[in-house]
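What follows is a single structure, written as structure tokens, with notes after it.
The first chain written gets the first letter, and so on, giving A, B and C; residue counts start at 1 in each chain.
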Amino acid sequence: MSVDLIQTKNLKKYFKTPKGELHAVDDVNFNIKRGQTLGVVGESGCGKSTLGRTILRLLEPTSGEVLYNGKNILDYDFKEMQEMRKKMQIIFQDPYASLNPRMTISQIIAEPIKVCKTITNKIEIDNKVYDLMETVGLAERLVNTYPHELDGGRRQRIGVARALALDPEFIVCDEPVSALDVSIQAQILNLMMDLQEERGLTYMFITHDLSVVKHISDEIAVMYLGQCVEKTSSDELFENPMHPYTRALLDAIPVPNLSRRNKSKGIIKGEVTSPINPKPGCRFAARCSEAKPECTSGNFELKEVSKGHFVACAKYS
Amino acid sequence: MTDNTVLNNSKAVRKSKVKKRSQLKSIWFRYKKNKLAMLGLVLLIILTLVSICAPLLANYNEDAIRQDMKNRLQFPNKDHIFGTDQYGRDLFARIIFGARVSLSISLITIAVSLSIGIIIGSVAGFYGGKIDDVLMRIMDVFLAIPQMLMAISIVAALGPGTGNLIAAMSISNVPRFARIVRSSILTIKDQEFVEAAKACGTRDGRIIAKHIVPNAIGPIIVQATLNIAETIISISGLSFLGLGIKAPTPEWGSMLSEGKEQMRYYPYLVIIPGMAIVFAVMALNLMGDGLRDALDPRLKN
Amino acid sequence: MADKLLEIKDLNVIYETDESTVYAVNGLNLSINEGETLGLVGETGAGKTTTALSIMKLLPEKIGLIKKGEIILDDINVTNATEHDMRLLRGDTVSMIFQDPMTSLNPTLTVGEQIAEVLELHKKDMNKEQVQKRVEEILELVGLPAERKSEYPHQFSGGMKQRVVIAIALACEPKLLLADEPTTALDVTIQAQVLEMMKELKDKLNTAMLLITHDLGVVAETCDRVAIMYAGEIIELGTVEDIFNGNKHHPYTDGLFGSLPDLTKKTRRLSPIEGLMPDPTDLPSGCPFHTRCNKCMDICKTEKPKITVDNSHMIKCHLFK
């Protein structure tokens, strides 16, 4: 039986802004089983990237717990956290900004090893770098090149190799393919899935692209303005979306075939409102086509509607 | 862990034939391509060699210090290729001995103020918040006092002497460097590669030194090379007030200000030390530009 | 049959830099009829944007050159037109929408002023009140309240900014609209809103559109015809039915579809095209796709494939003769 590798409990991250408190992540609970992938979907500004960074403690959460193998890593001091960081890594969205432009590829990949001193022998570090480059499909001759000399796909492979350098168990993937062309995107997705099978990696896959997330995830959490509104297995989500926001998202994806052409779609009106000092009630109520008066009062927590399918909506509470 | 077994089997055996090129080598490789930068480097090497070998080319006490009123104010000729000044001292000897003083003091001053400026600026920029406020307000106080005035008051308080002169000049230069370093660090510290470094537990010191400062170095180098020229001139100003280098010791800035009085009839008295300063500054500027480009692998010409 | 609004014949565009020559567009043929939407699909570096910039004659000066071919827009030969003629054309007959709505608006001018500017340039017979009336009209047309004309771009969200950009582009009711990835920077729900609005406007104003995108989903929902571009050439062109429902395809088109995760089926692995786009400074001989093609034959390496036409469907590949 698989066990939970990562679990969050009432995780909150608020930012102070001149206009008030920005609720980037508001009371998020989820768990990821070892060797599985949790997809986190949402539009820009819904707090999905903040969530990923908070779990890795790149940002300190306002309150809540992050359990890794059952232990709360938020209690760890700097030394213990340093150990922890070898097990949890991150792959970034922008393959241009996430690589230090002054370092060669081999330096970039070797940097985590040098920092954490998992290997100290220089030649062994070199060998490890070559192994990693081979694993992610980068030719050996590229060791001396700089990131700017390579295309987006190769750069993202470097990002993957760097994340793997410490042999982690858990990787947060923050939109790793959204800056890439479709054919390159597919190459990287295949690579990530192969690595997961070989190494038993656990992923938290953050994206705005629903078709990608369906493809790679076992479970999916849909986020809206800092809150998780629906969470279930990926098949269930696409077959039986319950939250009106999830349905609107699914409707909005342009599908590459002609079956939906000229059919009117349930396009939701309005835009994402600001997560600064949110009003009580369902945050989606203002755009929701099924909103009722009770939606604007009271809180709606995730509720298990059918087995393994959690929804936060007035309709189901 | 398949990787570890592979590694153990191949212990200390280099697997790839592709050689890694060292950082310094590739910087030198890029620097070499820039012809103007190479010209600057050659000029600077010549200047350094001349000032080191000065005792072989002229006698310090005889040519540069001793006054010889019989031969005063001679235009450049066979015996005195740069001519003589109003006290009959050989201008050539004074230029080459002056190079030692001017170049070393200005270079040390820049090095000291640059290092302090980088530390203050990067700490302020990287940590932000209260530390930033406190450090930058202190820098603002320094900036509020005219640079020359501050140098004068520091030397006056500490007493004249080369060491104190360097200290005074350095302190008055620090705020400018700190400002420039801080602003370039602010643009870099939020980039994702810095976050990636944090994600694998890199300590702040290493993040600043390895990831942030190298990416912010361009404008810093330009500012530093420009400041050298100013420093040479400021030293002469202080010397003129009797707070810098003592009178008979040759030094380019003070030679310039002494020659100024005779400029109308004996223009070579200003032209020659002026040219010396121009050459030194040009060499350093060309080098600085070249170094900035060589340190940035993205620029290829 | 509608008239041809835009015709591009054998267009070749290069970028000349100090070190190398980039062959951005190589022998491109394309035409757009009045009121039609043509989707131009391809990956980064395929020459999509270069094609659009050539039509506007906005290629970077001195570096970008139209080497060969001609572009005829509304009976005007753009390739020979002077800068003065082009200025009259741009914004009036043809206008362009850029990818990033955040940077294509001037932050120091109000939205209304920016829309009015186009009108003042091209509709000289309009007086001030008429211009203001038209500004309000056009804002309502793109779904923004008219009273927001006196606000500055930073007061709008991304989706609304893109609406403003579209309003500027449509202010003079151009015959042709070049839309360069108009929705790529937007969220899916906003993208759906903007696409829906663009479709409605197009029908209302009968504007022809060249929609540049890499998203086949967007193409399926909005375009009448599709051109697939690779390494500066159009390798397949047809109606949306030809491309999405037809069974004969260029191997690259097949590869593009294979790269997309399918929402309706569960597959563990995607079947992407191996390898990378060829270096545009050093294109391979023969068919530019042969280095990545899984159906590559000997002839592909040496000879450029000819065009095979089947009614409305054109394919440039040796497989179909």
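Criterion: a contact is a pair of C-beta atoms (placed from the backbone, for glycine too) under 8 Å apart; a residue touches a chain by one contact, two chains touch by 3 or more.
None of these values were measured; they are calculated from a predicted model.
K.L.:
Chain with the smallest distance from its CA centroid to the overall CA centroid?
P.N.:
Central chain: A.
K.L.:
Using only Cα atoms to place each chain's centre, name the chain farthest from chain C.
P.N.:
B
K.L.:
When the centre of a chain is set as the mean of its C-alpha atoms, what distance in Å lies between chain A and chain B?
P.N.:
47
K.L.:
What is the distance, in whole Å, between the centres of chain A and chain C, each centre taken as the mean of its C-alpha atoms?
P.N.:
Result: the chain centres lie 32 Å from each other.
K.L.:
Hey, how far is the Cα centre of chain B from the one of chain C, in Å?
P.N.:
Chain B and chain C have C-alpha centres separated by 52 Å.
K.L.:
Per the contact definition, I'd like the list of chain C residues that touch chain A in the complex.
P.N.:
43-44, 157-160, 187-193, 195-196, 214-221, 240-241, 244-245, 255-263, 266-274, 276-277
K.L.:
State the interface residues of chain A toward chain B in the complex, per the touch definition above.
P.N.:
These residues of chain A touch chain B: 53, 56, 58, 81-82, 85-86, 88-90, 92-94, 97-102, 104, 106-107, 111-112, 115-116, 119, 121, 123-124, 126-128, 130-131, 140-141, 143-144, 146, 148, 159, 162, 165-167.
K.L.:
Where on chain B does chain A make contact in their complex?
P.N.:
1, 3, 6-7, 10-18, 20-21, 23, 26, 191-193, 195-203, 206, 210-211, 214-215, 295-298
K.L.:
Help me check something: in the complex, which residues belonging to chain A touch chain C?
P.N.:
These residues of chain A touch chain C: 43-44, 151-154, 181-187, 189-190, 193, 208, 210-212, 214-215, 235, 238, 248-249, 251-258, 260-261, 265, 267-269, 271-272.
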